[in-house]
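Each in structure tokens, the structures are laid out below.
In what comes next, subunit A is part of two complexes: it sits with subunit B in the first one and with subunit C in the second one.
For the complex of A and B:
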């Protein structure tokens, strides 16, 4: 491998990939027992388990690049070191898992569906990455991601073509997700270096592919397409985050942080 | 009770001996599988019981990715004995997935949930013999 600046860009990219899956899987896991029906509880928790596995693959690549032990990378970093998009750290809705959870299923469906479409496009690019261990991981992850995308697409299409209440909730969720989905679509400050080293395709190419795919689904289901998604609450790729991330990390690392030497 | 071994599932990729040390590379079925640590431990213990082996090292690798066409014929039969329909041998992702009931062989089945109790399985119901059953999800390279 490669120059120090290329290595730096590769590490940034791996943190983005890992942290996106990690934090969205965590938010998904908070739905356990609260999903609309028991089949969905089984499906959603299975998807979250896969996604934690995907994050783990990327954390292990970071470990091999000298970033520390995978568990420590996942559990002991400060929120400002996380590179996930802000949208993916957002709470599921008012209340907490233990106290009066008033979670928004429309938001869960829209966030996961849009993310899943992007993840598919991103993996399709990564499997040709010049960093071969990343290309190998992408090929593995794609075989599982296939089922996730199918799942969320079914939910999305069913709900946006369902009752008036479902439609209005889904429209509100789409509007909400649109305000920050730009943060998922960016590769952050090191993006030019990532692309130059052939780690991943140009973020504009990936964004156009995502928009084309989503626009087609919107046309098919009669939804108005409102142009490019925005990034209103900061760029997670630069370490900009909301208090929701701090809360999420405090909860999910609570046990690990009590004694990092113990095998969990 | 029948068992389905990691060899039946096509998870073992290479076994290499260097003197009395053995290195075994294994392909995980699903990357988030929580059984991986147990599988690793069991392989190591089993290998170190073999005469002439003093040390076994297990490594999980992702190339080639594990796909369900790696499951042996015997593995397929044994999955059925567990009430798990084996995945089609040469599945193309995106094409219809035909599943026969592992108990009665009927194709008159319904998919209850494509996700199941573990990442690799789905939940179905047989309309012929009225048994719920599971099927292993087909996984093929995309």
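For the complex of A and C:
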């Protein structure tokens, strides 16, 4: 570890990586028992479990960097301290995971697929990171991520090329995800420092790789490609979030927060 | 192939006699073997009920997946519930093979669940209002399931016996995960211990009910007896319940917890546990869909089934191409 500002940038990056996986794994776990068929329930819950494991790896790195206990970091930070992209905290649809969940499978597929493509590209860059523990974590995570991407790509391609209803639902979901996916693609205010220290590649390079990959899939499946995704509801990398995150964190920490000192 | 040709020349009575001889010799019956309708129907009833119980059983635990009180517990409960879904899927595949000659499939299983014709285990109709319940379900409900499933590991129906082998191996990990939650709370604060005792009070009756009534007298049917005759299962409900008591009551006591039955004791003379019997009419009410959470949990399943109809249509259209 070199300068304090480099360390600060590294910590920012790790929070982004951890919180992205943590929150999206949580949203995925809300789907449990509600997926389109039982085989998908098995596969999706396996993916969410993997992603929660990835978040755990990053939180452990933060613990080693002196940010506090991993469980405290995950469960007790205020929403404004979270660095996940706003899109990933968004609810799955009307209702809650316990009552009247009218969840939208098209949104689940598009959000997870686009995120998975980005995650793959991000890991590809991180495995050459100058922060060796991060590079090592990335290499480990990639072995699982490979299957996640394959899973979501299959769903995406199948649904966008099927019935008219499926196409129209998928198009609506793509439009919705596009409005905020820019928030996933950014590395936030400390990005120049992250890149200078060789923790990760330039965010513009990563973004171009993502757009190229998605554009190719759009062309292949006959979808119109509408340029760069936007970031309409705020930059989660700066701690800007929606009430959906506040609700998610209240659920995630409900039991732990009753007594963080005791063993559970 | 030779065996099949032989079967074609036999009368129904001779086929049945030959089938029972195979079973009594301890041979395994496979999906494509000749079997009496009665045996097939008993298996379908048992295995589809078991499979759908695994799937409905994910719902009470799902309530605690996001709320699990540490990253470690979150990962463990996610793994456990995923296993349960996997068991459900595996068992439904076994049931589907048995149903195929009757022209039925997965859709029929789901519709029977929604209409109440296909029942699921009493325990999954109950509410699980605290984290203590998540521990209690994994420790004692899964512990009870291991006991009742282990006696079918040598089931006369080969595909079911093989599925159970894998399921039981995973259930052992679940019970350990449950025990670890229970131990952490038992060694914790007074509030944690109270939560645990409340949870045990809540689950005790359901655990007694889990194994089913003592005899046909209470339910008016004799599925259990029939399944023993066909060597699908090896023990009676009461034998299993006694095994459960012998294994778990000393452990519950050693944690300093109180069993909510002041009459419970081991009778040295009969070598049996004496306990307060439960109200089997209440059991009947619960498993016929009138338990505290029956409607909500079925509604979750039905709602997701309806919401995702377009997805199934889209996949069917792709298959048709």
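FYI, the second predicted complex is superposed on the first by the 264 of 264 C-alpha atoms of A that agree within 3 Å, B and C clash if a C-alpha of one lies under 4 Å from a C-alpha of the other, contacts with A are read in each partner's own complex, and residues count from 1 in each chain.
Keep this in mind: contacts are C-beta pairs under 8 Å (C-beta built on N, C-alpha and C of every residue); 3 or more make two chains touch, one makes a residue touch a chain.
Predicted model only: the values in this text are computed from it and were never measured.
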item: Touched partner set for A:82, first subunit B, second subunit C, both or neither; value: neither
item: Subunit B versus subunit C as contact partner of A:178, first or second or both or neither; value: neither
item: Which superposed partner A:251 touches (first subunit B, second subunit C, both, neither); value: second
item: First, second, both or neither for A:49, with subunit B first and subunit C second; value: both
item: Which of subunit B and subunit C A:156 touches, first, second, both or neither; value: neither
item: Contacts of A:39 with subunit B and subunit C, given as first, second, both or neither; value: both
item: Which superposed partner A:103 touches (first subunit B, second subunit C, both, neither); value: second
item: Contacts of A:115 with subunit B and subunit C, given as first, second, both or neither; value: neither
item: Which of subunit B and subunit C A:169 touches, first, second, both or neither; value: second
item: Larger contact residue set on subunit A - subunit B or subunit C; value: C
item: Doubly contacted subunit A residues - partners subunit C and subunit B; value: 39, 42, 46, 49, 52-53, 56
item: Of subunit B, residues touching subunit A in the complex; value: 30-34, 62-63, 65, 67, 93, 112-119, 123, 137, 139-142
item: Subunit B-touching residues of subunit A, taken from the complex the two chains share; value: 39, 42-43, 46-47, 49-54, 56-57, 136-137, 139-144, 146-147, 150-151
item: Of all residues in subunit A, those that touch subunit C in their complex; value: 26, 29-30, 32-39, 41-42, 45-46, 48-49, 52-53, 55-56, 59, 70-71, 74-75, 97-103, 105, 158-159, 161-163, 165-166, 169, 251-252, 254-256, 258-259, 262-264
item: Subunit C to subunit A touching residues, read off their complex; value: 55, 58-59, 62-63, 65-71, 73-75, 78-79, 81-82, 85-86, 88-89, 92, 131, 181, 184-185, 187-189, 191-192, 296, 299-301, 303-304, 307-308, 310-315, 317-318
